[in-house]
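After this come two complexes, each holding subunit A, first together with subunit B and then together with subunit C.
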Partner chain A sequence: MSAWPAEPAHGAARRVEAAPGLRLAALGERLLPLVLVAPALATVLLFFVYPLSYSIYDAVFEDGRWTWANFEKALALYGPDILLTLATVLLSLALIAVLAVAIGGYLTLGEHPGAVALLRWLYRWPLFIPFIVTAQMMRTFLAKNGMLNHALIGLGLYTPLEAPSLLDWRGVVVAFVWKQTPFVTLLVAGAMASLDRGYVEAARNLGAGRLRILVEILVPLVRQTLFVGLVLSFVIMLSVLSVPMMIVAGQPTLITVDMAFRITAYGDYGVANALGTISYLMTGVVAWLYLRYAVARAGRS
Partner chain B sequence: MTITRRTLLATAALSAAMLFGARELPAQTVLNVVTAGDQNMVDYVNEFLGPRFEAENPGVRVQAAGTGPGDAGSRKIYEKLKAQADSGAEVWDVDVAVVHQKMAGQLVQEGLLAAYRDEVETGRLATRDTVRNALGVNVEGYVMPMFHSQIAIAYNPDVVPNPPKSYAELAEWVKENPRAFGYNGIKGGMSGVGFVMGWVYAFSPLGDKLFTGPFDEADVKLIEDALAGLKDFNQNVTFTPGNAGTLDALNRGEIFMGPVWVDMFYTWMADGRMNPNTRLTLIAPGLPGQPMYYVLPKKAAQPELAKKFIAFATSPAIQAEGIVKRFNWYPGIDAEHVKPYLSEADWNKLFVDVTPEDLKAYGKPFPITPYFNAILEAYERVAG
Partner chain C sequence: MSARAALAWLPRALLLGLLAFFIFGPLFNMLLWAFAERWYFPHRLPLEFGFDFWARVFAPRSQALQSLATSVWIASLTVLLCTALALPAGYALARLSLPLRSLIMLLFLLPQAFPNLPVYINIARMFYTVGLNGTVLGVVLVHTVHGLVYAVWITTAAFAAVDRELEEAARNMGASRLRTFWTVSLPLAAPGILASAIFVFLESLDEFTGTYFVGVPDVTTLPLLMFTASMGGNYQIASITALILLVPSLLFMLVIERFLRADVLAKVGT
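For the complex of A and B:
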């Protein structure tokens, strides 16, 4: 008997000792995901959410008071530039899409192994060239007396006096397409390569040509990948400063140049942030379209 | 075991020798020089000024950093100093800064600089107006000009034997020779900005009020009227991408005339990157030029050494060898102090096309900051 009181007491003490340990372990298990996610979350909050919020705040508040003045000025002075930016980026996207599909299609359906290998080796090069280097190359290539015009004059297409300078929005489109096509192609060609070859073979057996297989079978099957590549390219191109800065001579120009100019010439962060917010809205619309598409797709599957 | 012990002992002895040996070396003092402007500014400090100053001052290391071209580079320096001032830092990490005129005024107005000119021996050698007045702001005592530069019109005499002598003549010439004149607008560097300022000097009735003020909001209308003519002018010009873009276009024969920085023009010429026939001219009523200033931040870590550095950099011998001979700038201190240190040929090199008389007649400052900004915004509204 004498041992009974001691034992439960001892056992209770053990339980009492074990309970905080268990609680701690349970707490640890609950906290672990938070601890693991904390650095990433802190990075996003500190380097993305905070600057974004601050930038929008600075665009709509002046001396603590709400105002549309910065947006009014941004639209009055840079309205044509905003439209040109959107048009330039959308035109570039369209060309990138066509080229990426064409290159990816040839890599998947091409019948000449040498040509396929050469194209596969060649198309990725611009991926490793930074935008600023691309801009510098295009500046020499597309100038009135640049290499492109020399070649075209050599071919007898026009005379030196008729040679146009492409150092305006057209030069930006060329630079963007040259730089971003490999990125989208890489994604698209990868997606095409991973498709079941059975679809292609079946279509071929039924007599479909390569173009028809590309347009009616491959493109619909990889359209989500193509869409992702284009969305990412849209965001990247919208943020590039070096290309329009170095290629576009005079007005109109792209809004990244206007943002830099507002800050460097006037120290005017308000209008620069208003232009930045307009840029966020453009990317926001694209992001929303992408999310809607992704959610719809997830719902279907 | 013995070998190991010996090795250990030897290592310990060597470490001790290195440790104490290192202690016996004189401590190195770092002088932080931060400069706005093109890469040639950083090169000038790193390759020319720094090594010479270090040789004269053992134990000192000059550490130069560039913040980028144009007013944007000066703004970065301002933002850095302002942030350090706002944070309440006792010592700032910039000892000497090199800034453009526009930002020098703001730095002085916001109390971020120390007055030092009277305390350096070369202070009395600089007496031009730019020593006292930076775009309408009194900077007396706070600045020493590193150099002066000037915007002029470069032209190809093979195609243009008789270049226009004034803005009015240029406007006529451009009508007769569409797209043969090129400039870089206002967003591609200061040579284009300077050309636009010169247009307002020529075609607005504001005259010297642009340099002396006071700024009157009603004058914006007069500026817009003057720039309306520039919109028509722009229909017949070729726009170039940047200051270097104008020189490139001249070289490629895409344009026959365009505004350039004189020092950049001579440097390209010296490097063999220009058609050697290309010439410069200053047209009436004048084009702007500006100095770069040496300034001393208020809480520099090494204020005395910084003053010594600025005195060295603005000494006649250094101004002659570095500023004039090697980098083709007009001297920061008065020319008569520099001339004795240069050969006649080196001196004349700067004044082949643009004579001292031209500079006196047509070398203008930039407008005071409110007019400067008003002209840029008016250009964006009216002529952009």
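For the complex of A and C:
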């Protein structure tokens, strides 16, 4: 429906002449919601949608002409980094999914109230801790002289001289999992808690073990929530600059660092925007998978 | 019985202990660095503890205190701007009939649906041509766009959770729509709106990527200072500034459930 009323019919026009104030009031009534939303909407369009569109345009057009040059250069220079980015983020997502389901499952099915309460208190700590603080913590925790190594040396797993540094893509995975697991767990545990307990009780009465209940009943029922949490985390991990910048020393690194480097070192917007477009494509594929899944699900029910 | 009970507890306790180490280990390691005067490999603990670096961070007119002031100033302006934009939008989305409502809700989600780093690069380029780069206003605008999703969605949910009958009762007693909004809808939605304001404040306080591109070279927020200290190898200063950033985040985690009640949470995104 259009927000603008059509030209008033002949009869209506006469009434309007009689009461112009009323006509204004009616118009105002219809426009009011749009007027209220407009400033917020304009902010998003001007400061997000426009620069987003421009970055794609800038990646494929040079002096108004279509070109693949930026993509060719991006692939030639950063091809391995693109693959490493995808691998790092996907591995993190897999670990986050397993941990979130395990913690959420124990919170829902755990039989010992003390252990459940302790776990509920424990898992949320990283929830609102900023990525940049996470990066700084991991920079010390995973370093050669970090607490992780000292703990492992203390357990006798290796000697101080053999102590490795995890400050490469593995450190990024640890940081991502540490920071994003509580967020996905919060969503998954919430969804599990709001399920009808009847399913669980019925399965239990039939003699199903807890692991089987979790994998065969709870996870399929909360799959959608889990997927939403993972998709949001995927986008967040592809946007974070501080974690790879502070944890990965040198090459190979993630493409967020490469984009920043193209700008700060060369002012090369073309290649940076080509890498940016590649990261949009990655989220695009994930969003498309999600939508296909959601549509298939809607079609079934 | 007690031996068997203890044995039954063992796997549970081991797993919980492992998780606790994984969660608190990094936090504890940073805490050690914040109070370490000297510490190098292969020493397991700092050789000397002390407050020298704290004195440096909190010295009058130190760089850290100046960045903290900049950060708080930017976060406060971001909250003001975000709330000013989200209050009318949230009310309209929750209460008034709006054409293409779900499309508008989705538009507000866009900044969460695409990686924002390449977008920030191009905002910085755009701001550079209009002289907004390196200004507080430029950084506030970037933080506002990022926070607006949460602000609009939570505010919409807060207004949607207000009992319609209370608003109708006020209208029936002759109150105008504006008066009903000020005296009924707004006070009832206030806890949710406050939660969204705290959230936006924290997001702005912690924001790094946007400030890195848009704030350069004149606006130094606390995260930027922390980053510079850390990359320069000054782990003590980096850990102390990280701790300052950490405290509000942890406090918020502990109190969020007071502000964001389940009935509001259930309406987020609908």
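Just so we're on the same page, the second predicted complex is superposed on the first by the 257 of 301 C-alpha atoms of A that agree within 3 Å, B and C clash if a C-alpha of one lies under 4 Å from a C-alpha of the other, contacts with A are read in each partner's own complex, and residues count from 1 in each chain.
The rule is simple: contacts are C-beta pairs under 8 Å (C-beta built on N, C-alpha and C of every residue); 3 or more make two chains touch, one makes a residue touch a chain.
No experiment lies behind these values; they were computed from the predicted model shown.
Which of subunit B and subunit C touches more residues of subunit A is settled by the count: it is C.
Shared-chain residue A:A260: touches subunit B and subunit C both.
Of the two partner chains placed around the shared chain by superposition, subunit B is the only one that A:L77 touches, whereas subunit C remains out of contact. When the shared chain is aligned, subunit C comes close enough to touch A:M137, but subunit B does not.
Of the two partner chains placed around the shared chain by superposition, subunit B and subunit C are both touched by A:N145. Of the two partner chains, subunit B is the only one that A:S165 touches; subunit C does not reach it. Applying the stated contact rule after C-alpha superposition, one finds that A:L27 touches neither subunit B nor subunit C.
By the touch criterion defined above, A:M246 reaches both subunit B and subunit C. Comparing which residues of subunit A touch subunit B with which touch subunit C, the overlap comprises 139, 144-146, 245-246, 260, 263. If you check the complex, the residues on subunit A that touch subunit C are 1-3, 32-37, 39-41, 43-45, 47-52, 54-55, 58, 112, 115, 118-119, 122-141, 144-148, 150-151, 154, 160, 163, 178, 232, 235, 238-242, 245-246, 256, 259-260, 263, 269, 272-273, 275-277, 279-280, 283, 287.
Partner subunit B is touched in their complex by these residues of subunit A: 76-77, 139, 143-146, 165, 167, 245-253, 257-258, 260-261, 263-267.
Those residues of subunit C that touch subunit A in the complex are listed here as 12, 16, 19-30, 32-33, 39-44, 84-86, 88-89, 91-93, 96-99, 104, 107-108, 110-126, 141-142, 144-145, 148, 152, 202, 205-206, 208-209, 212-213, 223, 226-227, 230-231, 235, 238-239, 242, 245-246, 249-250, 252-253. Subunit B meets subunit A in the complex at residues 70-72, 75, 184-188, 234, 238-242, 245, 248-249, 252-254, 373, 376-377, 380-381, 384.
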